[in-house]
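Multiple structures follow.
In what comes next, chain A is part of two complexes: it sits with chain B in the first one and with chain C in the second one.
On to the complex of A and B.
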């Protein structure tokens, strides 16, 4: 069956090449049938890539070790679900997933828009085809998932840290996000190639951008939770280059989602929006390059491979070509309106954009610095957590405050009297919260205190927006259903506040380490932990060694937890299995890590972390998804209005 | 090997048919030009977008005024300009707007 997979990928490569060259030719000469043929090629490419994917999935599930990829990433001991997730657990499989998602997105986006904006779509097809051609080329010529060998008796298995339920959803969601950014990029470039400066490319891609952004956001949060429960170091984000690789395009896409509203509402920032979508797409390619080239050391990245130079070359071509096109079309992108006041909604969006892009570029510098320092000095120098945390505070706190200010300020201009009137309640709430926090001892961390005070301000401004809006609209349902993007956006803002609360909580955490014998205890953050015993359990996949630990508070036992390690048999690797006790009343976690366990003496080296408010992160994730779904929910009235708009334009 | 090659051949043939479908369906069409708005239609589209933008802004302004986000003075200072912009776009589109319902009725 490997032959079928290989052949299907060759067919895909031929199809996407056709979509690129025939599509460009058709758009250049204005040939309708040829343009339709190129668009059909993208649909057909989705089918053929789907067949290649089914072949690989079948081999993974059957444990067909004659496929080198299957032997390298699974074993017969591996559970069925993780055999499926091994599809994206290795380099070749994840590239195939990239191509599959891209062809799916491309086919659907072109199908849904080719009647509404045929001239723009005609140029979008070759752009999508060119991106797909690059990935199809890699899969056919450089990193094929269908390489075969004489089947060994057993496979190498899957990295133990990837054997986690989160790994079933986290990578595909990140791919939906990374790849999804190709659609707005391709439509933006398609509009420029077609010489169209109208808003159709934005209307066509609004939901695609939101879907990609939501998937990237939820994917990162799932990844953070995976790191928290599985990697076993008690944290959820380590500023790892590969984690940053997903954060950067999300930040750029967040800036784009905001600035595109200014273009829709005021006809401004057309060049900026093109640059932002190029930045978001370029960073999604850069992220894929980081993960797959092996140029950075990360627990998430694949080993050193030959695809790095190809990726770097492709990124250079994309960035240089797109910048040249934007420059060439500058006369088309001139705005007719200007920013009228520095105290207006669009001004707050602009400040938000500048902060988001500045933070994004700061993270990019931190990620690229080891590579640059190695190129210049011959040895890589890494910028660690303090560098990123400094800029998170520098840009993140003003961003948080702006989320509260923005909704209170009107479009075009707001007088100081109006601003003063709308700010009264949120300001009063934040001052009261600040005073209460100082009295409660939260002043030990200035950044934490500011984060919580600003969070109170933002939440109060959101509640005020809902209350005033509901009064004006008559009912909450009516208000939200008539303005889904706006109120869905406010719910997302509330989610970001919850995330900020969770992140800022780490400033108030406690950590203690101790070497204990059975029966001995340790105290940390108001909890008493008593180590009871050490035991082993053998499962089909691993030897599981666990320490039994009682957790008590105020003299009462509240839980028994079992931290330890798993020694995986096929993979010959060990993983940390941290134990977590969640105290919902106090909104904090007690994380217990057991290390250096000696089965002869029973001595265990424990590390215990008390993490206040960390669960706000995961609650924030659910609220984030809920808000995004509100914003994404189709609005029949808007659809009818757009249909009427384009029917009138084409009549 | 043989089964795989046969399946691959079938896949390739099906893809070729799908790609050639526009030519198979219309071997010699009367018009093979890509529908593309000319300069006039493009201008029309920009006017419609300007009209929609101004009308949406007016609606939003009314809403902000009702919710107390802008003062009466701010409202009066801005509303005139939005109305003027919407009126300019509507006036420029007038002949087209009059024609459009007739065309829709004719199609019915």
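On to the complex of A and C.
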């Protein structure tokens, strides 16, 4: 079976090479049939990569330990679902998933657009083919998932912290996001190569960017939730290089999603958009490089492997090639119009872009700092939480405010007086909220107070937009279904506000540690926790030790929680099992961690964190997905507009 | 005809300059970063550093009542330094693991800051095949 997988990958490699070279040849000489053949090669590559994936999946499910990959990442004790998730639990499988997703995206994007914009697609095919060739090459020559060995009796099992339902969704979603950014990148470069720098590539890839961006966003939030409930340190984001690796392309793609609207509507910022999509795609490659090469210290460090230099080389080629292409096509990328006023929708988009990119680059600087300082000073130095938090406040708070201002400012030209009139209500709401918050004692954190005041402002301006629109359109449903993109966007804005509320809540949290004997209590953030007893349970996979803790608020017992640890037998690992009591009424969590437990004396060292408003993050995630779906949902009216637009561009 | 002044350029230039100014000021005044060192590089560093390396020998203490005491060795080398630590001990902490901890060298002992010990996830797990006893906590 391993031979079949290997053969399928070699076929894929051949097909994507054909797509690259025949495609470029065909596009250069305008050979229609050869171009079709190159595009079909991409579709066929999806099928052959699919076959390779099925072979690997089959081996994982059957526990065929003659596959080195299977033996290294599963064991017969592993549940079926986690045997499947081991597909992306290791490096070779992850690369295969990457290639599979890439071929899937490429095939679908080419199929959907080859009739509409044949000249652009003809050049997009070789770009997609080149990216796929790189991954196919890695899988064939450097990191094959189909290496075989004499089958051992038992496999090594999967890292216990990966034996988690989140493992089924979080990595594939991140891959959908990372890889999805290839589509707009390839269409952008395809448009440049074809010498067609009109707006068609943006219109054709808007949904693809949105899909990738949504998947990346939801994937990261799932990761944050996973870290929060499972890893057991009571936090959800630690500015770890691997987390930042997913955040950076998301920030760049967010900037891109906004700035393409200006190009669509006003024909401006063409060079900027090309640079942004290059940045987003380059960062998604850089993220993979970071996680796979071991060049920076991360608590996530995966297998340190030989593919790091390949990735670095590929990133350099992509960035240098794309920059050269953009430079070569600069004359085509002249703006048709210019910014008319600093108080206009375009201008707010511009400010938003500058802030997002500035934040993205400061994160990049922080991630690269150990490497840079080692090169310059001879010793690696690490920038930690305070650095990132400073820039999150410096750039994030103005961004939050802009989210409330932007939608209310008119396109092209507006006056300060007009803007002032529009903002009466949101401003009044935010002032009232600010005063109430200061009275409630939220002034202990200036950044937190600002974040909440701005949040109130943004939410009020979104509500105002909905109310106005509904009045004009007659009904809310009518309004949203006729302008899905716009109102979906507002819902996403509301979700970002919820995220901001959740994140800013950490400024008001409290933490306490205590050593308790059964019967003793501790107080933290208005709660009284009483430790009752310690008990062990044995399951097939692990010994589970739990402390029973009563949680009380103002004298009334509200919950009993069971923090503890699991000792996994096969993997010889312990894992912390934090207990969470969620007080929905106060929108806060009480996280109880049993740090050390002594079964002889019953002594337990507890760490308790009260985290106000943390649940807004998860609610925000659901709203985010909902808003994105509204914006993504197919719209017949928009399709008709698109067709007209294509016709116009081609004439 | 004279080219009309484009307000966008002015704004972009000013914003970029502003962002750069904040960035440079902050990075030069506040964020110098913490050096990441291994035991052999420790000599001559009196300030706060992140010390990384492999745990060797048998750790003693629990990190709460009594300080957790262990020795860190260079990842590829022989230099070692004793470490004294208090706070949460990660699940994966044990002899042979790659760990990192923040603190400073005081009189030949690396005194760690509270709750700064992290272990790097080992890339592969090689369980002992016949042992059925769960490991201790």
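Definition applied: the second predicted complex is superposed on the first by the 639 of 651 C-alpha atoms of A that agree within 3 Å, B and C clash if a C-alpha of one lies under 4 Å from a C-alpha of the other, contacts with A are read in each partner's own complex, and residues count from 1 in each chain.
Keep this in mind: a residue touches a chain if its C-beta (ideal position, glycine included) is under 8 Å from a C-beta of that chain, and two chains touch if they have at least 3 such contacts.
What you are looking at is a predicted structure, and each value in this text was computed from that prediction instead of being measured.
In the superposition on chain A, A:28 makes contact with neither chain B nor chain C. Contacts of A:62 after superposition: neither chain B nor chain C is touched.
In the superposition on chain A, contact is made by A:597 with chain C only, not with chain B. Legend: residue contacts after superposition of the two complexes on their common chain; A:342 is shown touching chain C, with no touch to chain B. Of the two partner chains, chain B is the only one that A:415 touches; chain C does not reach it.
Residues common to the contacts of chain A with chain B and with chain C across the two structures: none.
Within the complex formed with chain A, the chain C residues making contact are 4, 6-8, 11-12, 15-16, 19, 22-23, 26-27, 30-37, 41, 50, 52, 62-65, 88-89, 91-92, 100, 118-121, 123-129, 131-132, 134-137.
The touching residues of chain B, when paired with chain A in their complex, are 1, 4-5, 7-8, 11-12, 14-15, 18-23, 26, 29, 31-37, 41-42, 44-46, 48-50, 52-53, 56-57, 60-61, 63-64, 66-71, 73-74, 77-78, 93, 96-97, 99-100, 103-104. By the touch rule above, chain A contacts chain B in their complex via residues 1-4, 7-8, 11, 15, 18, 26-27, 30-37, 40-41, 43-44, 47-48, 51, 118-119, 122, 194, 196, 198-200, 264-267, 408-415, 417-418, 421-422, 468-469, 471-472, 641, 645-651.
Every residue of chain A that touches chain C in the complex is listed here, in rising order: 72, 153-154, 156-157, 159, 161, 232-233, 297-304, 338-339, 341-342, 347, 350-351, 354, 358, 362, 365, 369-370, 373, 379-384, 386-387, 390-391, 394-395, 515, 542-543, 545, 565, 567-576, 593, 595-597, 605, 607.
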